[in-house]
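I have a structure I would like to understand better, so I am pasting it below and will then ask my questions one at a time.
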Amino acid sequence: MKDVKDEEILVKGGRLLGCPGGLRAEGDILIRGERIAGVGRGISSRGRVIDARDCLVAPGFVEMHAHLREPGFEYKEDIESGSEAACAGGYTAVFCMPNTDPPIDNQAVAQYVFARGKEVGLSMVLPHGAITVGTDGKNLAPMSEMARCGANVTCFSDDGNSVSDSEVMLRAMEYAATLGGLIISHCEDKSLSRGGQMNESYFSTSLGLEGIPPEAEEISVFRDICLAEKASARLHIAHVSTAASVELVREAKKRGVLVSAEVTPHHFSLTDSALLTSYDTNLKVNPPLRSAQDVKAVLEGLADGTIDVIATDHAPHAPHEKEVEFEKAPFGVIGLETSLGLVVTKLVDSGILSLEEAIAKLTISPARITGMERWGYSTTLAEGDIANFVVFNADEKWTVKPEGFRSRSKNSPFLGWELKGRVQSTIFEGRVVFERGEVFPGA
Amino acid sequence: MCLLEERGGFSFVCALSLAVVAMGFRARAKILDSDDIQRILKRVAHEILERNKGSEGIALIGVRTRGVHLARRIARAIEEIEGGKVDIGELDVSLYRDDISIRPTPDVGVTNLDFDVTDKKVIIVDDVLYTGRTTRAALDAITDFGRPKVIQLAVLIDRGHRELPIRADYVGKNIPTAGEERVKVSLEEVDGVDMVEIGEGELS
Amino acid sequence: MAGEAKNLISIADLSKDEISGILSLASSFAEVLRRPVKKVPALRGKTIVNLFLEPSTRTRMSFELAAKRLSADVVNFSSGTSSIVKGESLKDTAKTIFSMGADAVVVRHQSSGAPQMLTKWVDCSVINAGDGMHEHPTQALLDLYVMRERMGGLEGLKVAIVGDIEHSRVARSNILALNKVGSKVLLCAPRTLLPAGIEEFGVETTVSLDEALGWCDVLYLLRVQAERIEGPRFPSLEEYHENYGLSEKRWDKLEKKPLVMHPGPMNRGVEIASSVADEVEPSIAGQVAAGVAVRMAVLYKLLSGSVSSERFEREQ
């Protein structure tokens, strides 16, 4: 066997994003072993050459909000299929939410997920830990135990089971801060959203579906900001979806609260009117698709930096779970493989963000918020860095088709859409794990 | 409103209408004029009275639309000859047609039989007898209203091409036709003029 | 010329002309219902499945009778006896029904949108007989039929709809239908029962029943759907009756009595006082009678000219 350490790959002729200085200069990247051995022009190598002409090269994307469903719901997705979807989407690191069965509320499950991710070897798979035991909102989960284990969990969330008891949330923030950790909050006042199926509006009334008022989210965003401010703790607001939520985060940041926020591609690409007459359960998400005014505010929040991160909330569900009455269908859509296309089509092409700004929200920002530096994960494309990057064509158009997904589930709201911007190759730890539609499993 | 003479001959009309897409009726010859029609209806009235030995118990049921007006005129003629009154009804046979599942939704018109048909001498009146399918539908419809003593059929024109074992008891005029030909009956009450023409193309 | 399967899911899908078309067709069928033999062979050979997954007596019977008056074969499939209780999905149930050669499925379901979903899974006509809080199109059509018969026309007619607007599919279908035919609609309810964005339907709203009574030609009372009302909407049925019930006092005070309508079943003592209910009973019975004629019109319109049974045989 050849010595992997010396194996060379040359990525030639792409324009490099994210290198120091942020220039979009044309250049080559030489990979030797798992690291970047050289960045510059006119590099040559006797090893494999990846032609990156017409393409951009960016640091590998970091997904800070995904559901890989293992353990417990492998019929929807598992760490292997989820990792394949991730590398097909240009991601080299994926954080997965703890709502598995058993939930990730102790070091054993956290360690299992982490180890399984390493075994699959297509992307880093890093678990978020639960805030409370069983994500039931009562007793704090052993955060420090999860932090100390090999998975080195530092972000905690009860995700969809948002912590309703304000004291528990306050103590969780204080305790996580003690460990240098981060609380990620899915903001939802369940007493207001109870029974809700979609955004409360003319459209919910027209479709006869119970509404989820924007206030259900906003009350909770406001509460968690208050608590984080009191606790001087870091807080990350998951999937911001309403205008008032964006404004609350904006004001809090101005005051110096340690708050960050994310938005999903479906929340910046779609409005509640999309549901009209179709009752398409692939449009059933939580928080729900909001009004056109909310989407406008979210776009403004992305543009002015209020919203730091683009995260997909990748939530696979099997066809038999989604092909049911709207009220019976679970919330959630897959997103790992369409995010780049939506970012280019909806944000860059429409002038909301520059390509550099948009890519930063998929790379530098989530890496910073989740503390990826502790893994030696770099988002700079510099010599000596571990080679995690993505080669993509920002001009290539493609149509979203169910058979094109690597994810085990096909519940995308974007089926049939033509998107611009497609991943050509993904390099993870010096290996080409995805190229032109094909996944190359670990050695 | 499109009057497809005998409403039953659908497959045929359909094929033909494909051949003469968007072409209306083109008359080739006028067969009957107003006076002819007047004379014929008077004769039919006499024949009805003769065959039924008077107007006692007679009910004329016109098949919508032109059959209804013909029934009224025959009734008037009978009353002029005999005095006395005969019952007149209007019948829409849409719901009894045998081509409902292949024809686009037709309008369902008014049916108005405000007398009991049981034990009556019912005479179905229609303008043109063609395949016989409309008459079949009318027979079924009438028997759902009761049990007439006898049912007879009076038509202004018999143009042949029967598809069912049906024969008229009173025929105004026999007009031998080719399959692709059309017979157009115009009545003053509906069309502003009384005449019968033969020609080609879709009737409108 | 096999037509597309034709469906009736929402009043929103019908044009003004189509609504008038159905109403005049219904008049013809009302005449059929006065005949000695109240049955015509129009849909002979067609199979209609009544898929009623939510309890219903009058709508199911009305559809069944309508289908039988048109000589169609009717199969009833209701929640208590079906394999749905054994956990079969709606999709599988729908496929089964279609494989049996149904030409139309009449569906009543507690989930909004279920009939719309069925159209994706079956190739026959789907008729919405009430879905969740979404719509009940044939109810609205029969209500319009009754209003037209009783009031002489619909253009400019002033209709007040009173009660639990939020949970009412009947209200939604009626609002859409009345808007299309040029009637004026005033909704009357406490604010807790007026859903979000209702003003965008092009209707006026009021919280005062007396204002509505003084204004309307037709008073449409909705049933208070205790089973759908979750959370605190009003303190008690007594208090609801006090403020929004058609009491004897309110009724007697009216100089010009409006036509009172109700989709049934009535909660006496809640939306209407028992004595007033007795007085307006005939017009409500008229609604029920009109239901059969209107549903015959709908079935006839959707199923005549369709060849789904033949298509089905070809596909086998």
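We call the chains A, B and C, going by the order they appear; numbering starts again at 1 in every chain.
To be clear about the criterion, contacts are C-beta pairs under 8 Å (C-beta built on N, C-alpha and C of every residue); 3 or more make two chains touch, one makes a residue touch a chain.
The model shown is predicted, which means the values in this text are computed figures rather than measured ones.
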Set of chains adjacent to chain A and to chain B: C
Per-chain C-alpha mean nearest global C-alpha mean belongs to chain C
Sort the other chains by how far their Cα centres are from that of chain C and give me the top one. A
For chain A versus chain B, what separation do you get between their C-alpha means, in angstrom? 75
How big is the gap, in whole Å, between where the Cα atoms of chain B centre and where those of chain C centre? 40
Using mean C-alpha positions as chain centres, tell me how far chain A is from chain C in Å, no decimals. 45
Could you pull out which chain C residues touch chain A in their complex? 10, 12, 89-91, 109, 111-114, 116-117, 131-135, 166, 169, 172, 195-198, 200-201, 230-231
Complex contacts: residues of chain B adjacent to chain C: 14, 92, 94-96, 100-112, 140-141, 144-146
Partner chain B, residues of chain C touching it in the complex: 1, 3, 25, 28-29, 31-32, 35-37, 39-43, 45-46, 70, 300-301, 303-307, 309-310
List of chain A residues in touch with chain C within their complex: 194-195, 200-211, 213, 277-279, 320, 323-328
